[in-house]
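One structure follows; several queries about it will come next.
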Amino acid sequence: MTRTLGTPALNVALIGYAFMGAAHSHAWRTAPHFFDLPLRPDLTVLAGRNQAAVTEAAAKLGWSSTETDWRRVLERDDVDLVDVCTPGDTHAEIAIAALEAGKHVLCEKPLANNVAEAEAMADAAAKAAARGVRSMVGFTYRRVPAIGLARQLVAEGRLGQIRHVRAQYLQDWIADPSAPMSWRLDKQKAGSGALGDIGAHIVDLTQHITGQTLTGVSALLETFVKERPLPAAAGSLSGVAGEGTGTVTVDDAAVFLGRFSGGALASFEATRFALGRKNAIRIEINGSRGSLAFDFEDMNVLHFFDGDEPDETAGFRRIVVTEPGHPYVGAWWPAGHGLGYEHGFTHQVVDLVTAIAAEEDPTPSFADGLQVQRVLDAVERSAAANSAYTEIKA
Amino acid sequence: MTRTLGTPALNVALIGYAFMGAAHSHAWRTAPHFFDLPLRPDLTVLAGRNQAAVTEAAAKLGWSSTETDWRRVLERDDVDLVDVCTPGDTHAEIAIAALEAGKHVLCEKPLANNVAEAEAMADAAAKAAARGVRSMVGFTYRRVPAIGLARQLVAEGRLGQIRHVRAQYLQDWIADPSAPMSWRLDKQKAGSGALGDIGAHIVDLTQHITGQTLTGVSALLETFVKERPLPAAAGSLSGVAGEGTGTVTVDDAAVFLGRFSGGALASFEATRFALGRKNAIRIEINGSRGSLAFDFEDMNVLHFFDGDEPDETAGFRRIVVTEPGHPYVGAWWPAGHGLGYEHGFTHQVVDLVTAIAAEEDPTPSFADGLQVQRVLDAVERSAAANSAYTEIKA
Amino acid sequence: MTRTLGTPALNVALIGYAFMGAAHSHAWRTAPHFFDLPLRPDLTVLAGRNQAAVTEAAAKLGWSSTETDWRRVLERDDVDLVDVCTPGDTHAEIAIAALEAGKHVLCEKPLANNVAEAEAMADAAAKAAARGVRSMVGFTYRRVPAIGLARQLVAEGRLGQIRHVRAQYLQDWIADPSAPMSWRLDKQKAGSGALGDIGAHIVDLTQHITGQTLTGVSALLETFVKERPLPAAAGSLSGVAGEGTGTVTVDDAAVFLGRFSGGALASFEATRFALGRKNAIRIEINGSRGSLAFDFEDMNVLHFFDGDEPDETAGFRRIVVTEPGHPYVGAWWPAGHGLGYEHGFTHQVVDLVTAIAAEEDPTPSFADGLQVQRVLDAVERSAAANSAYTEIKA
Amino acid sequence: MTRTLGTPALNVALIGYAFMGAAHSHAWRTAPHFFDLPLRPDLTVLAGRNQAAVTEAAAKLGWSSTETDWRRVLERDDVDLVDVCTPGDTHAEIAIAALEAGKHVLCEKPLANNVAEAEAMADAAAKAAARGVRSMVGFTYRRVPAIGLARQLVAEGRLGQIRHVRAQYLQDWIADPSAPMSWRLDKQKAGSGALGDIGAHIVDLTQHITGQTLTGVSALLETFVKERPLPAAAGSLSGVAGEGTGTVTVDDAAVFLGRFSGGALASFEATRFALGRKNAIRIEINGSRGSLAFDFEDMNVLHFFDGDEPDETAGFRRIVVTEPGHPYVGAWWPAGHGLGYEHGFTHQVVDLVTAIAAEEDPTPSFADGLQVQRVLDAVERSAAANSAYTEIKA
């Protein structure tokens, strides 16, 4: 039951140290203090291009050493796993090289900026797996306990046949036209806008919960604000505006319909212009026996309607997902003491480390990441083709 | 200010006395007791095909006389207004004949079962209006106070430029495959399924609130249960199953995307298969200055996000729409004493009677009903054309 | 099943025509159109002191004749039932006289302004009942369907042993110190303030739902604003201020603890100073097997926690109390089409008329009203005695 | 702006390693990775009576060394601060000794098991403060961002004069009579039951938010289940029952009324028998200008009613307290990414370390803890004196 003091180490390298890097660092530090892990994560090296910045970040985030070239990380014998938290245009190159160097890889989502890259990554992952080298893509919201419970209820048949999936990921951080340019608004760096950044999450989550895949989509994309002030300081999302303007080359919002493999109708929306909604991931699923509803603004709660109840006492149950028997919760606090955003990252580390020790392939795999990429690609092709319904290759 | 005792009468005939007939009867009876109307509605005649049934209904609902042929109603001099609550396939014939006979007409929604009929009705309404004969289509949810307030806030510019409209009308009354056939599942009678029955409402409501129209759509339709048991007793929605099965010829659910005339992206869903949602009309609108959210399951509430607030104190306000200054509310109870479903019908009567007395055309007009019909038609055409984006004639 | 055309009449007289008078009039008019009543209410006479005002009110509210002296009403042979909607200081005199005159009586709550009056009324009611003359006190919130369902669930044992009752009735209409004086703030007229006006409701509701009575209380009363401007126009609650001030002689707020006969702890609060709460009647009950929660701001919903569920899927169910099998609902609309404030009054008429026809005593009886009065009295005595726990006579 | 690598250390000793010990350990480990602290916490020593158990806990929780006698901890020169997470009956002895030994002290709540102990502790803290030795009591919920915002809004006058405070702390972990005995149900160990364990929190929170103190109370206490099975394994709260029963000597629930120094009426309830409520801390405050509502079941949200708004657009705002400008939030994630239960402990460490470095006394002080103890004591005395209103010494 208990982690022995002699637990072998898993030496981790993190590439990138912005928002995601901080979340991943917290997870690597925290997981062993709450969960009994078969391997002890060691925060071995943090990599970033600027020596002064990476040194400061390593001190703040708890990493033992630094590198300014990610290629150097792959050459180090004291690195077992590479955690890729860089912008999407670099994922394929780094992850493939790391796998080829025999390092396990955790790669942030979306897996890549296009299908071709994602295919190459999935190929590399399959080859690496044959050699015992593991890989995982970071769809961390899967590890929110309420999402885990949702998947369980569907798997147990409590929803019956799924008929409707509706999912929205609503943010508002660029609703103001004077919010400045950033790399996330540049197609070269980011691949796409709201679609890949947040739409990817609701595609993954709904497929994960239902155990089904999207088989086709019909879509509209929109860029509401096409020119934005350049930031005063490059790279700053929150920066005040500088001089001149830049052209937004990604979508501000994506809406799409679709069908799931089991016959359900689906409706998706991802936007950065839903004023007042900060990080609202809303998922609602209706089946022939029951329904589910979730909103990340109230992340410790899952609403469940049990259609087997008599009409007079049936109703959506507000399940506070903090019971010891709920996914991941037993390691934390007593019932009613809710978890926060970063716990999903800690759970991700737990599952990844457990799979590595068990010599099993963790999920979501790079193949899963590729499948999501194919959905995003189909959305873009449909939008470019007058919203024509566009099939998604299985 | 006060209704005088000498208020002239408005003699009303009601055609049909099912669910909608009961709601309309209540409204005609109740409106003058809470509102100071310029004309006093008189429940003159109720029409239905079965003499025994219509006689009993008239006694129960408060009508003074009966007819078994609606054509007879139009010949009566003591009828000023015809209220059409029959299935959609009869709307055009009855309403056009009534207008030609010089009777004002209130017609239930959807205006007709197809665009051609709706065009004929709108033409007839325009001609009648030139003679002072008024017509209105019964999109009664417009008269829910929270919806009225929503429209006001948009009109005052509190939302700024509208960027997103998302609307769902969710029911579950045929989610069970053993629920029997009914005229509402027969394309000949009903025109369409969830699309026309409930989708029409959210099309009308979102256009009404935003003051804009939908300019194009991309759609999917689905019939989840294609054969259903015939009802034990014909015409009964709630009846137990009889022998044999019938084929469902309408959609069980409709999902569609679109664009509004002002540039907003829209996402719509209408379904009778959302288990646990009984009559959930949900509308959310995001603009550049503010946002709104409404759910008919909590019909006396409107949620409003004011983007002009500082971030630290901004939040969706739960406005309980029961203040004397809210639309229609002053005539009813003190603040906090909520209204119910049928009040929308009473407000509809108030506005219709007021317009007739003022010799003005009430809204929503038959032209408004035709425009909604064109949206529904575009949805069906898009769904039949591989979801291709389909323009809507202005 | 069906109301026959030959249904005998029940001739009703209404004394008083302010807010409550309008609600009662609506109920008398509406009940027979939705429910199959054994007696047909006839709105025979409306009584009020001012001839012009009562004449206008009768026209507006639908009454056939008027009287300016309530004693005249009792002398009329064409009156079967007297509905008392006057201020509390007149209840005892009118109701007792009416019962003695052989008229059935519906009396608004609180039954009286003090225990002595209430005792006399309960005595009169008991004597009248022996002669077949019926009486009921108007705790109308009992007839909200969600409250009816709550009582059913407790009676079925779904809550087990009751351990906690917490109830609040929160309003804010005099939170502003510049709101003017009114008869409701005058102890002579109103008997008490928030305590009797709204506290009486939550005492009755919690006793009704639990089937138990309060056996003792400990209380604090407070008058936050002791002097208020006199109204510009006498008797107007909403009136702008006139010249001079008057002294508020009733409580603005009452808080009290207590114990129920079955051993539960109770906590009550009634206030007119809860800014932002307009008519929030909140009741929460915890038992050994289940819990209930209700808020009149969302009156068509009852929240039910079933402790028999496994921890992992247990949660408060949001029951939308609009199913045909819910109390009173079958007579109205399909599921999901909510009712409003005034429906409780209509249901009250239904139950009263049904009891009269069945020659049974309706509930809540005057004895029930007396019991509530004793609770209110104990609250006042406790507050006057340093909050000492004060027993309530059974 | 940035924590330098040369930040001096603050060596911490933790006494106790159960639920609270795990939460405190997490906070000491995590604070420096998100906040720029003036001192770097070092997890120097963990103390517990059983060597094997404390060794294992130290490894799991991240402490460098162990002691089995807390007195040894005070003798160590490498300890700057003692964090007391033991049961309440040991707080006074340990904390006073630690202060006398010149160690800063963080002591879990309630400060002590009775007023006499708390007075001694507050005296010791005052004397220690004069020598630059700091102390703080662990009312950690003060550091939930929504609570911090609530206090700010009151301090800014946005609520005006406070008129009502209602607070409930609802749990259900012993609602089942078969839940076994534990030290928390033993008056000798725990001092009191729900009152001191959770009632203390809502007393502290409401006083903190309002900036006022309770001046008197009237109370009822209740023990619903007086005999419980002994646990199979001693000390285990969640253990299955063993043989024999033990007597519960503390309250299962406490309800009390009171008055605040500024004139507000208050109503409190603390219970472990509110079936379905796991850790529901609910606070509602009504003032003359505005109102607030909070529920820890939705801990990242504060509801604020601004009475200055026009009636037509006024409503409780659901403020998602995750903006960079909200208390503590800037150090964590972007807007909309909620925090969890343990973040309050991290914020507590931040404030404590900051105060120590600034040579200031942190809050809540032991004097604050004593004041809460006096309220709890007054509650018990009132309950023992027929609920008589009992003054609280300032």
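Brief remarks follow.
As written, the chains take the letters A, B, C and D, and residue 1 is the first residue of each chain.
Just so we're on the same page, contacts are C-beta pairs under 8 Å (C-beta built on N, C-alpha and C of every residue); 3 or more make two chains touch, one makes a residue touch a chain.
Quantities reported herein were computed from a predicted structural model and do not represent experimental measurements.
Common neighbours of chain C and chain D, listed by label, are A, B. A comparison of the B-D and A-D interfaces places the larger number of contacting C-beta pairs at A-D.
Each chain gets a centre from the mean of its Cα atoms; the one farthest from the centre of chain A is C. Per the C-alpha superposition, chain A sits rotated 180 degrees relative to chain B, a value rounded to a multiple of 5.
Our note on geometry: chain A versus chain B, Cα centroid distance of 42 Å, whole angstroms.
Note: centroid distance chain A to chain D, computed from Cα atoms, is 35 Å. Work out the mean CA point of chain B and of chain D, and you get 54 Å between them. Chain contacts: chain A has residues 277, 314-316, 320, 324, 335 touching two or more partner chains. The part of chain A that touches chain C in the complex is made up of residues 149, 153, 303-304, 306, 309-320, 323-326, 335.
Looking at the complex, you find that chain B touches chain C at residues 2-3, 5, 19, 22-23, 25-26, 29-30, 32-34, 56, 59-62, 171, 173, 238, 277-280, 296-301, 320, 322, 324, 333-343.
For chain C in complex with chain D, the touching residues are 163-164, 166, 168, 170, 172, 175-177, 218-220, 222, 224, 253, 255-259, 263, 265-267, 269, 271, 273-277, 284, 286-291, 305, 307, 314-316, 382, 386-389.
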